[in-house]
Each structure stands twice: as C-alpha cells, then as structure tokens.
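You will see two complexes here that share chain A, one where it goes with chain B and one where it goes with chain C.
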Partner chain A sequence: MDFNNTAVSTLLQETFKASNDFSTRHTVKEHWAVRYYYLTSLCDSIKLNESIEKPLLSSQSAEDFIDTLLTLGAVKQPDVSKLPELIITGHVVIQLMENVFSLDAKKSLNTQSQEVKIEHVLMGPQKALSEDLLTNINIIRSRYQKHELHLEQYVLGRSSKTETALLFDVHLAKPHILDRVRSKLLSIDVDIVHSTGQLEILMNNRRISLFPTMITTERPDRIVLNLSQGKVVLLLQGSPFALVLPAVFFDFMSAMDDLNQAYWISTGLIVIRYIALAIALTLPALYISLISFNPEVTRIQLTMSIAGSRAAVPYPSYFEVLFMLFLIEALVEASLRLPKFIGSTATTVGGLILGQAAQQAGLVSSIMIIITSAVAISNFVIPINTMSAAMRIVKYPLILLAILFGFIGTVAGMFFLIGYLANMRSFDEPYLKLFLGERRTSRPNKSR
Partner chain B sequence: MIRYLYYMIIMCMLINIMLNVPTFLIERRYDGAVMGILAAVVSGSLCAVVFIKALRQFPNQGLPEIFRSYLPPAIRVPLLLYLGIMWLIAGLIVLITFSRILQRFLDPDIDILILRIFLILICSFLAAGSSRSILYTAEIVILLHVPFVALLLVKALGHEYMDWEAVKAVGQFVRKTPDLEIISVASYIFTGYINMAVFNRFFRKEDKIRGLWLIPLAGFAVLFTTFFIPIGYHGTEGVASFIYVWVSTADSIRMEFGFVERVIYMFLLIYLSISLLFITMTWHVGAELLKDVFSKKQWAQEDDQRFNWTRWLICLLFSPTCIVTLRFLNEKNYLELTDEWLIVRYISEVALVLIVFWLGRKASK
Partner chain C sequence: MNRLLLIGAMILFISGCSGFKDIDKRYFVVGIGVDRTENEQKPYRVTLKLGIPSAKIQPGATNKFELVSEDAASIQEAVRLIKSKVDKELDFGHAKIILFGKTLVSQSIREPLDWFLRRRDIQLIGLVAVGDPSAREILNTSPKSERLPANSLILSLAEEGTESSYIVTESLSDFHRRLTEKGKDPYMPVIRPRNNSYVINQAAVLDKERMVGILTPDQTRVFNELIRKHVQFEFKTVTPKLRYNIAVQNYRIKYKLLHLHSSEPTIQITIKIKGEVEESTAPLFQEDWNKLEELSEEQMRERFVKVLTYLQSKKVDPVGFGLRYRAMGYISEEDWEAWQTLYPRAKFDVRVHIKIIDTGVIK
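After this line comes the complex of A and B, so read on.
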C-alpha cells in the first residue's frame, strides 16, 4: 500500500517529534488503508472509538467509511499546512487515500457546574457556571429560551487560543455597545488570556483603573437577568466566571436575593447595604476627624467616652487607625490565601486575641477595635467582589484627606468620589446616575 | 432630563446663605426688605419663566451655539467673555466666603490658603468633567442633602427660641418701598435657571417642562425662612450684629436627642457639599462659555468629553489670580464687593434674559 501524499505524514511526524503524547494509528483493510493522528492527552478515547474505530470495522468500502465520517461531523481539509493547528486544538486528522479529514474529538474536563462559591444567595439557584464553555452556554441557553439570544465566537490570546463567546439578546442590546465590544475583542493582542478579570483589564484599555466597569459573576441567574436587561455577556473557555457589560454602580450593589424576596424586605436590605457602604468608606476618616480636629462635634457624653477609651493610647489617632486597618487588611488577605483548615485559626488569632490584647496593652482604643470590625464587616456586605475590593482601597485616600483637613477633607473627599464616579462611563453608559429607568424584567410592573 | 433644571434651581436657593443674601437683607430690614422680597419673587420667577420658555426655541443648544448663529462676532465674543467671567466669579465668591466660614467656625488652626487650594483643586477637576456628569452629581448631592436641610428648617421653625413677635414686628415694615439693590440681592434665589445657558444642550425638544409654578412658591418659602428665621432667633435688633448670620443661627439650634448635638456642624458639613457643587457647576458653565470664545469650531454633542484640559486650565488659572487680589482686600471690603457683584449680576441677568427672549422671538419667526 502506498500513500500518494506522504507529505501529511512527514509534516506531522516532524512537527510533533518531541511530543510523546502524539499518536499515529494505521489500519489496513482489504483494499484501502486509514491512518489517523491525534494527541492522546487532548482527545477523548471514547469519542475516537465511537467515531473512527467502530465505523472503520463496520464499513465495507472506503466510500462507505467516508460517508460515515462526514455524517459524524468530519471536515475535509485541503490545506496541509493547517493540520498541526487542528491537532493542537484536539482534532483527529484522518488520512484516507488522497483525502485528509479532521474530526473534533476533544476531551472536555470540568463540565460539571460547580457549587456557588462567591455570590451566595439564601433562596435561589445554588449552582454556578462550570469551567467549560459549551456547558456554560448550555446553562445560559436553557435558562434564556429565546431565539433572539445570539452567540458570536472569538479566539483570544496568541498562545492560549482561548475560546470566547459573546452572548446578547439581539433585540435588547444596544448596537453601538456591541460594535465597541467587538472591536475591542478583535484588538486584544496578548499571549495568554485566562480569566475574565484579565479580559476586563484588557478591554478597559487603561493601565491604571480602580473601579470595575464590568461585572464578573458566577451566577447563571444574574447573567440571564442581565441579558434580559439588554446587556452583553462574555464567557471564556476555562473560566467559571462571566463578564457582563456595561455595568453601572448600582449593578454592583445588587444581590440576586433582591429578586427573591418581598418588596419591603429587599428594599430594606438594599438600604442596609448602602449604609454599610457609607460606613466602610467614611468611618475611619470620621474617627480621625473627630479625635484630632473637632472633638466637640458629637454630644459631650459620647466625646467623653471616646476620649476615655483613648486615654492610654500614646500617639495621634491616625497611627491608631492605620495600624488597625493594616492588621485587618492583612488578616483578610491571609485568610484568603490560607488553606481552608488553617483559615479559621488565623481569624481567631487575628481578630479575637490580637484585638483584645492590643486594646489591653493600650496600643489602640476599644472604640477603634469596634470601628475596625465595623468597617471590615460593612465592606463584605457589598455583593460583587470587585466593587468591594475597590471600596477597600478608596477609604485610604479619604483617611489621608481626613488627616490633612479633618471633617472638611472627609466631606470634600466624598463629594469628589461622587463626582468622579458620575464622570465615569461604562461603554458610554453613565456609571453613577440616579433613576436609570432600567427595564424591570423580574418584578411586577406598577400598572399590573 | 427636565428634573435637572429643578436641581439647579434648588442648588441656588440653598446657596444664598454663602452669598451674603440674608445679611444684606437683614441690614435693610426696616428699609423695604420685606417688600423687596415680594418684588423679587415676582421679578425672579418672571425672569426664570421667560428664560426657560425662550430656550425652548433652541432645543439641544447652549448659549454659545445660539450666539454663534444669531450674533456677529463683534458682539458675541465680548458678551461671552463677560458672562463667563461673571460665572467664574460667582463660584469664587462662594469659595472665598465659605473657606473663611470654615476656618472661623470649624477649624481655626487651618491655613486658609492651603484650604482654598485644596477646594480649588477638587472643584476645578470636577468642573473639567463632562456636563452630564455634573448634572448627575448635582442630583445625588441635592437629594442626599435636602432632607437634612428640611429637617433643620422644621427644627428651627418649631423651636421655642423662635420668637414670632420679632417676625411680626419686622413684617410690619412691608409698606416701605424697596430699591433696586434689595430686589437684585433678593432675586438671587431664583438664579439657578441661568445655568441652562450651557445645560440646555442636553434638553431635547420632547422634554416637557412641568411645574414651573413651583418656582415662585419655593422661592418665597426660601426667602421667607432665610430672612425671618435669624430675626426670630436673634431679635429685631440683635440680628444685625452678625456677619454670617445663618451660621450663628444654626449654632443656636440644638438637637436634644441627636448624635450630633450642635446643629452648626451638621449645617456646615451640608453646606460644604452644596457649596462644592455650586462652585463646580458655575465654574463648569463659566469655563464652557469662555472655551467657546477661543474655539473656532461649534460645539457638538459628542464633544462632551470626560475630561477637558481647556476647561481645567481656565478654572485653574482664573482662581489664583483672584485669590491674590484678596490680599489687598479686608473682609469688610470683600463683603461690600460681594453685594456690588450681586447687583451687577442682577442687571446683567435681566439683560441676558431679554437678549435670549429676543433671539427666541427671532428664531420662532
């Protein structure tokens, strides 16, 4: 038996000379021979068995086998130079007489959707996205059953060749936002794209940024809700998070539980969330202003008790604040990195023992301990992690302004923050604006 | 969009305290201030209604664009220069007065120059932002603070120290005829609409203007409280002995069960935000008018960028020159100058309203 084009064989053998997982199979039947190449690490042996080996054994002639292959989704490849690329992406290259076919036999890992890890809700769907793109699209399509849901595919990253899906409701999404997203996706030129967070930075086109302008979420119900509000969703192969855009400030302050509860309960919870945001941002700055600039602002009893608790502290208020805030930030960071089993030890040692001891040693006032924990707790109330991280950082400029100008600095800093956020845009949508008039897609309308 | 018009008007109604309006009126309380207030309500709301209605002829256009299409350059350029500088001065007066109040009542140790530089940096940076963003900021700041101001006023009106006899005594001078100065100072309350000169760019033809009748009512309520509450607290004679009469009035009110017992601190911090908003907005309008003098091209909707260097430079260069001139003025001169400015402002405002009214008639033909 001789093959007319041995070029294919030599090319592939040469390219994958150093890869031990490269495999070549050769089968000869009565009048014809089949040779196929694949990477054992990428391809699913069950799929290979089902779509090549079994048909091969049952086929009577070469034409018969080709028909079966084409039915199973094989594609004829006239261009030999593209073959290494196909093998890398998990295809099998099948050589049969003069013809070369390729067939997708990729083994998918992590196709199970995971438990929700970050955005917990009390009563609501408990499953998050998986790490497999097709599974994720499946999850979204089965929750959003409209033929208007369009899907566009992109490949990002020169080396990682990450498959990316752009999903949107074609009737609701704004065309100019779609155009900008498309052009930004096409302009991305890096080696490796792994995570949605990285993609967000790449699409921002800004080297220095603080506030997120796209939501990173792992919840399918949030994705679907946003799709129905006319937003655009980006999914990455290998990432259990989706990127939703454009996103405005209020999106980051909403939890999915808001939809599951009665109006007054969810409104109450939203109000609590904004109070918590205000506390997390301003409390340390207000403490400094109160102690070091205007102790007469609060009523006398309160001022006396604060001053009393600070009696043993030997340095100005801002040392105290910076010291305790550093410790709590370090504690948060440490408990994130530590294995789960040691994490609780760190919080106990850090939070309980250290706080108690620092207060008894007279290094910080007991009021400061309360403030530190209030700030830390309030900060975690913000539902979307990226926004909560941004707010963790924002309180430090406010502290600096409070050190310099007291209450004036704090209030002026808050004013600047509001002005700055109002000046931001997420894909031409105003970032901070009251009364957006968003489509209410999951609550009864007033008229009904 | 139309609600933003009302935020501008509310902002100017609240800011009158920083522009010496109550002090000036109280000084003239026996010489026609009461009648002046009533006259100002009429004149101010009339100006507001005429100006807003006239601008309806020019949807999505600001004053610079209107002038460009109807006036020759020889008139347009000096007019815009004059208006722009008047706007910048308005912000600056509030900045200077309020930083002085802050130093006196909140932080006596602070270096006032550094405080002013700090506030100038914040306001000029925000004033350089896009016009829409300033409207969004205005909405948030006004809605956050108006409930507190309302609480403060209710508290003040219902307090036992409020002496209604003194109010009645001053009210009896209602028959005195006011002069131009009183009317021009009192009508400042209504000036908020004038910022439409630039912000009209974002008001479309379809936007219906409703609730204009609220302007005289709200204006009258604000003027009444701003004038009579200090009189009720300090008495007909005692009230004249304060320079910043409202700060002292706020200091007379106590919240028995409040977290912050002395109302003055609440008052100062509320007014800090409102003043910053006022400075940002007036500087933005002023810089936008001045910018148009120097640019050859007409403004278009997509020019509303997030940060504009020209606007920023105009604000940054303008404010220090004025702060330097302050070295040669003491506080008394300065307060007199503020009153002069208020009068000049009134005359120019009426003139501007008439010009726009005339242009509107011309455009509708």
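After this line comes the complex of A and C, so read on.
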C-alpha cells in the first residue's frame, strides 16, 4: 500500500463520514488487493455483481482484472480530488494497487414509460415519456430511425447536475436556432434544474413572461413529429416532459388527434378550438360591455330576460363577473391540487354552489352562471396546458378594459393582445407566423 | 404599484360614470308613440312604453309594461319631462316600434320625425306605423300570447313571426329615405286595436309632408305586392260557373315608362305569376287551364289598375316610377317638373301572365 492509496481511502472516508449509505468493500486475492467504494443507494447491486465481483473472482492476476474492468467501461482516474464527485453521481471507485478506476454503476429508476396523463388522445399512442433520460432517448430513437438524429448532452444545475439531452435532425433543424439553444444552455447558471417548465423560463431570458414560446409535451409522437418538422427537442433527466422549440402560437392549438382523423373532422375540430379560445378570452368582457354599456347590441327579447335575471343582483356587473370567475378559478386550482379521491367531491360541491345557490342568493344572475361555465369549459379545450394557463390570465386585462371602456375597451384590448403576440418571437421565429416553412410530414401531399 | 392603486380606485368609482350603467338600472323603451293634442302650446303627446323585465318568461303574464305620457312643445322636451317621472335611466336602444297618431300624420310628419333621426340611440331599423285612432291606444294594448312587452308588434311588423300579405312593413330608415327622395313616396302600415289585440291590414300613403289616404285591406294587399315583390299572397277568381283561389309562391313585376313625350304617356307593367289552386268550388283538373289562366289574368289586371289609379289620383308614387324616370338619364329640374305633370295623366298598361302549375288535387 503506497501513499496514494491511503490518501484515497482517507479522503473518501472523511467525505462520506456522515453518509450511512457509503460502503467500502475490501477483497484480497493471492498477491493483490482490491478496494472499492460506492453509495449503496445510488448503485445497482446487479451491475456491481456483474462488473466487479464476478470478474474479480475469475481473474487470475491484477493485470487480468484491470483489463476486464477497462473492457467493461471503467476509466482510470489520475486526479484524486474528483473522486467524491464521481461517487455522488453513482460511480464505483475501484482502487487496485496504485491505480484508481471509476465505473458507472448507477441504478436507473422510473425507466417505465407512463400512461399519458395530460395530453390525451382518443386514437393514438397511449404511452408518454418516462422519467429516465436514457429510456426517453430510446423511445424517441426507436420512433425516429434516422442517423441524422443528433444528440448532444449537457449537465445543468450546480447541485442537481441534471443531465440534459438536446435532440435534433441535423438536416432539418436551422443552424442559427441550434446555436442560440446551445449558447443559452451553456449560460444557465442555477443551483437546481428539475423540470422542463423551469428550463423554459431559464432559457427565456425574460423576468416576466406570459405566453409560452416552447411546447412542453409528454407525448413521444408529438416530439417525433416536431423533430421531423425541423424543430429542436430538449429532454431532462428525471422529467417526463420534453421541451420543443421553436413554437409558434398555432402549434399550441394543435392536438395530436388532428393527424389521426379525416380532413373535415380535424378541420372542424380545429375551428371549434379557435371558437372556444375566443369564448374563453372575450365572453366575460363582452358580458360586462353588454350589461353595463351597450344593452342594445342583443335582441330585445334577450336583453329583457337578462335584465330580468339580473334584477335581484344589487352589485354592478363587474363584481358579479369577478366573483364568479374567482370561484371557478379557485375550483380549478383546488381540484388540481387535491388528491384524486377528494377531487371529485370538491368539483361536485363547487359546481352545486356555483350552479344554483349563488343565483338563488341573488349574488349573480343566471346568465352569468352560463357564461362562467362556458368560459371554464372553453378554456380547457386548448390542447397544450401552458397556453391554456396563459389564456386563463389574459382574460382579466380584457375584463378590466371592458369595465372602463365597454365594447371599445374590449376591442382595443384584443387589438393590443394580437399586437403583442405579433411582436413576440420564439427563437427568432415570429410567434404569429402561420407556416414555419415545414414540410407536410404526416398528411398526404397535394402534389402526389 | 401606484398605477395599480389608481386603476383600482377608478374601478371603484366607475359606477358614477356616465357610460357605465347596469342593465337593471335602465328602463327599456320598447315603443314610442307620438300623438297630436288639441293644445296649440303643447302640440305633441309623447307616450313611451317601458318594458318591465321578468326573470321567467311566460306568454301573456310577463308582458308587463308602464305607459308614460307627456304633452310638450317638442318631442325632446316631452322626453326630458318623462325622465323625471321614472326611477331608472331611459334607454332608447331597443325602441323598435315607433307609432304616429292618425291625427298627427294627417297634419304633418316631418317635424316630429326629425328627433328620431337625430338621436344616435334610436336605431334606424326601427319600425314605423300609424296608430289609429291614436298611438297611445295601440301601445296600451297587451295581447294574451305576448311574452314580452311590445313583442307582438315586433313579431308582426318585422316579419319575424307572421307573414301576411296584408301587413306592409316600413323601417325608419326607408321611411326617411322615401320622405326625402324625389320620385318615391313614403307609406306606413296602419294599426288598429281590437279586443286586446291588433289588426294590421291597411296602409297609409303619404306625400312628402302628410298622409293623403288610407288603402282598404284589399288595396293594401295589391299595394304590398307592388312594392315588396316577394310576398306570398292568394287571390280569388270568380266566374259565372265557379270560384277558385290561387296561392302564389313567386311572381315578378317589371315596369317600363313608355311614350313619355307623346300625348299619352304609358306606364307598362308586366306581372308574371306562378301559382297553384288552393280552393275551388268545382273540380278543375279536366277544365281548360289556359282558359282559367286567362280569366284570372283579367281579374288580376283590374286589381292592379284600381290601386295604381287610386295612388295616381292622390298624386303619390310609392312604387317609385318617378325614381325610375330620374334614373333614365340626365334629368334637369325642368324635366322633373314635366314628370310631375306627366304622372297624373299617365295610362297604366298592366299585362298579367299567370301560370297555374297545379290544381292541388290529383285526379
């Protein structure tokens, strides 16, 4: 045992003094001894068995064993100070005479791909990504079998050291977008990166943002479709979601079902989706404008019955609208956070209160209840969750403008909204651009 | 933060602002009536029909309304006075029915109409009509089937509900156009009350100033056919042997102004009618259809000539022959004056072509 070896031993024992899952094994064969260190919680015992213990038993000499180790992927580590870091990332540090090797023996958890939870489709793949990066890459590679699919790996986060994979089709992806993504990934300097949503915010370079400029998706088929359209995909270790960029507004309004159905069906569904978007955005504001500024817009028959249903409500229209919208937002938020079993109770109770009692108590008019539910339902029609969340927020500025200026305010608000969206860029692509110049990758082409 | 506070304060105090008024604090005027009073100082009696909204709509029960009248020298003054009589803001945005009393229309329509045209909140799609005997009396009627105040009048006049060939319809904008346009004269339907309901089967014809005559129901029907060009109507043909009624689905009317510079100016009107027999006192299928058509054509011709001559005798031109004349080329002021002497002595040459397509029963 020379000086170097003792140093390794002391250093590691000292570093992991307080960790009970730190384990040291020591084996002595005829002329040589092997000592290896690892964290039991991180390492796979089967891998250890396969790549250290078995070869160890069958090896005749130390040289023989070293050869086996190197074949199995061990790396010689000349720098002792790096060893603690290797151990926390799931490596085994093997000490053999005066040499130190490290070998990756990390146990992978959550390698099973999960059921689709957020982006359901009626007919189409039902499995989402898993929480393991390698499994995810596996899923994508087996669905996109082209050697042009390139993969670059990054490590993000000072403490979390999250492995990140950047995937793209090298022939289709635009180089300037790739350069920007690379430089942004390299410039990220935070302690912990856990989720794709967080990564999106980190890459955004904006302190305050509202509309998503990257798609967060859990569907492998969407990822592969986007790859074939020349987009760039980011995967994170430990996250069952992928980031797809660049993304324009219309990407957020498309569901994977659009590809699975006949032309007129999917076109009809897309039209319905945009109508729902318009309802979710403007209906509360239009209600206020109608009730408080221009009741002559609707037919007299409807106006009279709205006036009748509002007769019991003593507060101005905007109070009624804000009250109901607050309740429905609270209900949505509550049913999201609650455990599954209590969730249905909450919605039932909330629905009953909103549906009947509030109107009978004279707090809101019956028309307002219809509007509230129409807005809530329409909002969920938007396929990508981040966009639907953004639209939930955008209706409030419109309500404010409607309170102050009526119909003119609402129209001006919509104008500003569209102007703002048109001004936005997603990695240099105009946000409201209708076509990204992508090929029709999954529908019959006209020219054929 | 300060800006947010300011906006918050603005919203809190907004209920005092002029534009913002909740729907339940508005009184919807569903009908406006203007009558002529005996009083020379206050010649106009303005009646507003104010709808009282109800939460649940039921026929005959929820057509509650309040009728407020006021006499004044002008319509605007009357409305100002009425405002002090009611507890909510008057909203004219839904004033779709505009009635003028028969006595008022017989004297002058131009002056009272002015207010309706200038007010921005009175919609030009409003429907005008003559109330006989008075506008107030019509507004005060509430038919049993009505679900909302004044709804019956809207349904019958706007052709949303019944479509009768006896009901002529006139919107405020078209009325105003006819009142100012040279060569096309205005008209209005006449509404009379009867047992908690209305009868609308007459039309009043006006010159550029006042009413000059009221057509009988039969004349009104022909008048409607002449000016609207897409009514469904029926007419009967009486022969010594039998009587049969033809229902008309579509017809076309064309007219030409002929021989304008001769001693006998002629207005040639060609009417093409397609219809089927809906009622008959004797079997028709074996008859000679051409003969039946000829008989009907002759009687139809008489109906039209009668109405046209009546309008001619009153020196009014609701069909718009004068407008056609003005459209025929450059018409100077002298030419126009010439037409005005021409029209009263013009001869009507009505040519009717009827085609019976069906006798209604299979042999």
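General remarks:
In this text, the second predicted complex is superposed on the first by the 438 of 448 C-alpha atoms of A that agree within 3 Å, B and C clash if a C-alpha of one lies under 4 Å from a C-alpha of the other, contacts with A are read in each partner's own complex, and residues count from 1 in each chain.
Basically, a contact is a pair of C-beta atoms (placed from the backbone, for glycine too) under 8 Å apart; a residue touches a chain by one contact, two chains touch by 3 or more.
Values in this document were obtained by computation on a predicted structure and should not be read as measured data.
Look at A:A18: by the touch rule set out above, it reaches neither chain B nor chain C.
Touch criterion met: A:F416 reaches chain B, while chain C stays clear of it. In the superposed pair of complexes, A:L336 makes contact with neither chain B nor chain C. By the touch criterion defined above, A:F293 reaches both chain B and chain C. In the superposition on chain A, A:L434 makes contact with chain B only, while chain C stays out of contact range. By the document's definition of touching, neither partner reaches A:I208: not chain B, not chain C. When the two complexes are overlaid on their common chain A, residue A:G406 makes contact with chain B and with chain C alike.
When the two complexes are superposed on chain A, the residues of chain A that touch both chain B and chain C are 293-294, 296, 300, 404-406.
Taken together, the chain B residues at the contact with chain A in this complex read 102, 106-107, 110, 115, 118-119, 122, 125-126, 129-130, 132-134, 136-137, 139-141, 143, 258-262, 265, 269, 272-273, 276-277, 280, 306-307. Interface of chain A with chain C (complex): residues 290-296, 300-301, 303-313, 316-318, 366, 400, 403-406.
Chain A contributes residues 293-294, 296-300, 302, 404-409, 411-412, 414-416, 418-420, 422-425, 430, 432-434 to its touches with chain B in the complex.
Within the complex formed with chain A, the residues of chain C that make contact are 7, 10-11, 14-15, 19-24, 26, 28, 30, 51, 53-57, 62, 91, 93-94, 96, 121, 123, 147-149, 151, 154.
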